[in-house]
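Across the two complexes that follow, subunit A remains constant while its partner is subunit B and subsequently subunit C.
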Partner chain A sequence: MTRLLPALRILAIIWVVITVVFVTLRLTPGDPAELLLGPTAGRQDVQERLADIRAQYGLDQPIPVQYAIFVGNVLQGDLGESNRSARPVISMIAAAAPVTIWLIVLSVGTAIPISIFLGMIAAARRGRTLDRGIRSLATLCMAVPSFWLGLLFLQWFASGLGWFPSRGYVAPLTDPGGFMMHMALPVITLAIFLVGTLTRFVYTETADTLQRDYITVSRAMGLASRTILFRFAAKNSLTPLIIVVGVEIGTLIGGAVIVEEVFGLPGLGRLLLGAVMSRDYPVVQGTILVITVAVILINIAAEMLYRYITPQARS
Partner chain B sequence: MARSGLTAFAVALLGASALAAPAALAQADTTLTVAISGDIDNFDPATNQLIAFQQAIGNTVFDSLIGYDENLELVPRLASSWDVNDDATEFTLTLQEGATFHNGDPVTAEAVIASLERSAEFGGVIGTPLQRVTMFEAVDEGTVRMTLEEGYAPFLTALTVVFILAPDSFETATSEPIGTGPFRFEGWVPNDAITLTRNDEYWGELPAFETLEFRPVPDSQVALTNLYAGDVDIVAEPSTAVLNQIDESQAQLVQPSASNSMAYVEMMGTTGTLSDVNVRRALAHAFDRESVQAIAYSGLGESTPSPLPTSSWAYADLEGYPFDLEAARGLLEEAGVDGLTVGLEMPAGFPEAEQMARVWQSSLAEVGVTLDINVSELSVWLDAYVSRDYDMTWNFFGVSPDPHSFFDVILRPHFEGDVYDNPEVAELVEAGISTGDMAEREEIYAELQDIVVDELPVMTVQSRPVGAIAAPHVEGFAMNPLGWGLYSGVTLAE
Partner chain C sequence: MKPLLEIADLGVAFRTSSSLIHAVVDVSLTVSAGERVGVIGESGSGKSVMARAIMRLDDPRRTQYATSSRITLDGRQILALPEREVHRLRGDAVSMIFQNPMHSLNPAFTVGQQMDAVLKAHRKLPGRDRRARIVDALGAVDLPAPGDLVDRYPHELSGGQRQRVMVAQAILCEPSLIIADEPTSALDVTAQDTVLDVLERLSRDKAIAVLMITHDMGVVARFCETVNVMYGGRLVETGPVGDIFAAPRHPYTAALLAATPNPAAPARTLHPIPGTQTTRRGSASTACAFIARCPHATTLCKQAPALRQIRANHRVACHYAEELDLKAAG
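Coming up: the complex of A and B.
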């Protein structure tokens, strides 16, 4: 029974999220059928067509009925079809997901070593100029808006110097080199934001660890400070990073929306943004459902990994 | 099972999909890449009635029977010639000889009629004029005759947005449209690219390049940077602000001979304070055309009171309302209005409209009127617009060469939806289409413009300077006054 509880909690979270999304979409002004017809949707001779569109997408049903149909379909693994393109939502998500997954994986992969390095150096040089410099840099990284930074990178490195393409995505198997070139600027843009958050975390944890008794004892034993920092302190201060990265995934997906928009990457962020703008209800609902499940799974995985590494957390 | 799922996932991640490959191959050929401001998700010309679709896909994958040239003159397209009787009730069109659909089927009168009837069935702003046809007739293999019960003068211009779809793709046109145009539909990757390839069997002149690629880039500034970086050849619909800031060493500005894109302020004429025509006139007197043009439109476009573009054959040069705050105060006093607050709705994404509103707001403040500017997301604005839930709303419209389009699309909902009460206008609009006599029509439209300017159900802001940005190596790219890019004639220099 106690083993079932976490599973029930996860299902409850998913249910709450999709219900909130469903209700919010319908409370938000804007009518998907009108958007399909544009400003002429108000004409009398267009009303019949408008009614046909509403009927076609089930928008003429009362909201509780729409909700029951939606939940029923989700339980059968059917996310429905786009109101705009009539494509199955699941295949649209499957096409967009790899772009976002790569963007996030590469950004996290880039940000973690940089953050660890910067955070630990700053903690070891606590109170000195280097420390202050690194911490100011971290704050700057967090404060700079991604959209502006992305545009700046586009102007410098894509348009000005011509080092990187300014837009688009190439799949890694189609053209591995092109994939790296296309991902470079988006990954750096997203990673900079993450470096800000993670560096500050590593700094706090390491600084805290360096105050502990066992470090003082090590120092007294005459061990080199580099050994102390990278062998003893690192182990304790870096493991919680796993949990933080898990928590940050949600924020990163939010950041991906902006980065994908600037760099023209056809990922989940643009899919979601476009669907919200055109009030494509099934696509919004399906995408959020998939993102929710992904974030939950990543957090569970992070927690399991953390418990595996730190024996005291296992009990 | 779990393993095959994982494999499928790995394959998706690595992108070994069938879709990715042809796009990569096409890169090696001559490709014209065009940045458009929004994605297109439905490729059925009968159900997708948005202007963005007509410009990008309608005009390339499809042919209409009759088309526009770059000055909006009617020119043969899939119909090589046409004949109209004097009452404008019988339209006989001869089809191009040897034209085929992209699937190889010949373009016959039956196929064209099937496509037209389907458009009529779907109605909307495109299909409605076709609903006036009482009989579609295949006179012979290559001749179509349409008979209307009553005269309908704008019928030929209405045909310019009715795109002919192959009967074979009626069921699948949403995702796989088959037309007769200079380009075949190759594929669509949402939010990434719409790829068209040259139709080598085209009945008309073949484009000089092989692939036409539309890439959705919502932000004009990003699109311009993409162009500077060489990843985009043309930015199709940049915002007015970006249009005015291009670096001429890296890009060229392409503008049509005139602009038929008109910006308006539509007013609520039957309820609330604005139902008094003198209040509407007072607001118009406080509208400083000169400053609006200088500030919001960088001095571009034409600022005239008539709702029709100056290039229209029916355009009437009217005096309108000179900028005169004293006159505005007098009219407000006459109407007995004091301390008025008026809302002005507009969709986000049109900075020039917001600037126009700010200019107007400051002069209105001088006559004691508070202008409440509400900028909403497009879908929210659209909802308020369609349900006529506003005091005033900004809007813009590409007036087709037939003046009826303004009165039909913009003004009709006003008198049909109880937003504007003048039965004479409805009668005149009907009269304007039921005769083919040009002198008579010109007179009717002169009178209609006079009434619209006098009673202000709609106040004209000015014409919008439309244009596109092209890379230096793009040659022969033209735009028509509706703002449609004419891609077929482009050549790409080395």
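Coming up: the complex of A and C.
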């Protein structure tokens, strides 16, 4: 029973999220059928064609019935088809997900070592110029809006200097070099935001750890400052980073939506944004469902990893 | 014979944004090789600051040592050494044990990993020999199954066991001096006994000198040969434990003893006399540190009394040391 509770809680979260998305979509102005039909000026059979479209996608049903059908399909693992392209939502997501996963993995992979280095150095030099410099830099990284930074990078390094292609994506298996070139600017843009958040976290944790009695003991027993900082303080102050990265995944997906749009990457963020614009209900609902499940799984994995690494939590 | 540790006219002050805090003023004491020396005084009397000064553990940017201060350890001038060389002594020639064993061990590493780092910092030994030496040290402090203990995490041990691990870590490099800053204050009575027994035996067997800092006359009575009484950052009385317990010559020492009716039963707190001790800010005071709380104070006490020898090895900082009729136990 107690083992079942977490699973029930996760299902409840997923249900709440998809229900909220379902309801919000239907409360938002904009008729999917009209948007699909396009400009209607001069057409005679508008009402008829709208009715056809609504019937085709089940939009003519009362909303509670639409909801029941939607939930029933989800329970069977069916996310439906796009209102626009008639492609199965699941295959659209499968095509877009790798782009977003790469973007996030590369950004996190870039940001973590930089943040650890900056945060720990600042904490070790607490109150000195280097510390103040690093912390101002971190605040700046957090404060700069990603879309603005992205546009700036495009302007400078893509259009201006021509170092990087300006928009688009190539799969890593097709053309690894091209993949790197296309990903560089988006990854840097997203990583800069993350470096801001994570550096501040590492700084706070490390500064706190360095105040602990066991660090004084290590100093009094003659351990080198290097060993104390990078081995003995690091393990205590860096393991919570696992949890924080898990929590930040949500924010990061939000950031990915913006970055994908700016750099024209065909990822989940862009898919979602496009679907919202055209009121493609099944795509919006499906994408958000998949993202929610992914975020929950990542957080569970982070928690498990943290427990595994922390001896007090393990037993 | 030259003493192992000689502290002469030690003054330690901390710079804060608003003032200078004189935590230790003009303290002199000596510890001979293998000797067990006590430092007693109520909370805030400067005991820990004095202890940390021996290993120069306080942040050099905030800490000011009086220019006449000298700390001589085995012929080395600690206050004049470059930081690198002081650091080499820490944990090797001089080890420290701290008050709270629950916080003294790093929760994320096993006992063995932490002790190994200490050994590695000071000795070039192959891994297998280091482990053997760690197991030996854990056995020497009477911890059961030392071979298993190396791989345990601190949270798996009790407070008393952890403090014995700290003792084992302290003796790893065979120091000539252990500074123990209230090592038993956070322990229950049984664990206190064990830790003191272990320390005393190690001190005798390996001729390790121990500077025992405490606020408990009971600890001084059973553990120390000599005792130094501190008040308000100053030394007020110093001498052999037997002499001082039999005939204290400073009113503060007498009050401490009176508050500990049976030195065998350790006191929890030490606050024998009404009033509170004050740490000097700004310039060092010229009056006797104890003047505000002394029942015998006169106008003469506005002149700080110097530490005077009144008998062999027995020195007191009180103008009336010879005249006052002080009782040790009420």
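In the analysis below, the second predicted complex is superposed on the first by the 307 of 315 C-alpha atoms of A that agree within 3 Å, B and C clash if a C-alpha of one lies under 4 Å from a C-alpha of the other, contacts with A are read in each partner's own complex, and residues count from 1 in each chain.
To be clear about the criterion, contacts are C-beta pairs under 8 Å (C-beta built on N, C-alpha and C of every residue); 3 or more make two chains touch, one makes a residue touch a chain.
Keep in mind it's a predicted model, so treat the numbers as computed, not measured.
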Simultaneous placement of subunit C and subunit B on subunit A, clash or fit: fit
Touched partner set for A:Q61, first subunit B, second subunit C, both or neither: neither
Partner chain in contact with A:R212 - subunit B first, subunit C second, else both or neither: second
Which of subunit B and subunit C A:T239 touches, first, second, both or neither: second
Which of subunit B and subunit C A:N299 touches, first, second, both or neither: neither
Comparing the two partners subunit B and subunit C, which touches a greater set of residues in subunit A: B
Subunit B and subunit C, minimum CA distance [Å, superposed model]: 35
Touching both subunit C and subunit B, counted on subunit A across the two superposed complexes: none
Complex contacts: residues of subunit B adjacent to subunit A: 12-17, 19-21, 24, 39, 41-42, 47-51, 122-125, 127-128, 174-175, 188-193, 215-219, 221-222, 225-226, 228-232, 376-380, 382-388, 395, 397, 409, 412-413, 416-417
Touching residues on subunit C, where the partner in the complex is subunit A: 55, 57, 87-92, 95-96, 98, 100, 103-110, 114, 117-118, 121-122, 153, 155-156, 166, 169-170
Of all residues in subunit A, those that touch subunit C in their complex: 212-214, 216-224, 227, 231-232, 235-236, 239, 310-312, 315
Complex contacts: residues of subunit A adjacent to subunit B: 28-31, 34-46, 48-49, 82, 84-87, 92, 94-98, 101-102, 151, 154-155, 158-159, 162, 165-175, 261-262, 264, 266-267, 270-271, 274, 277-279
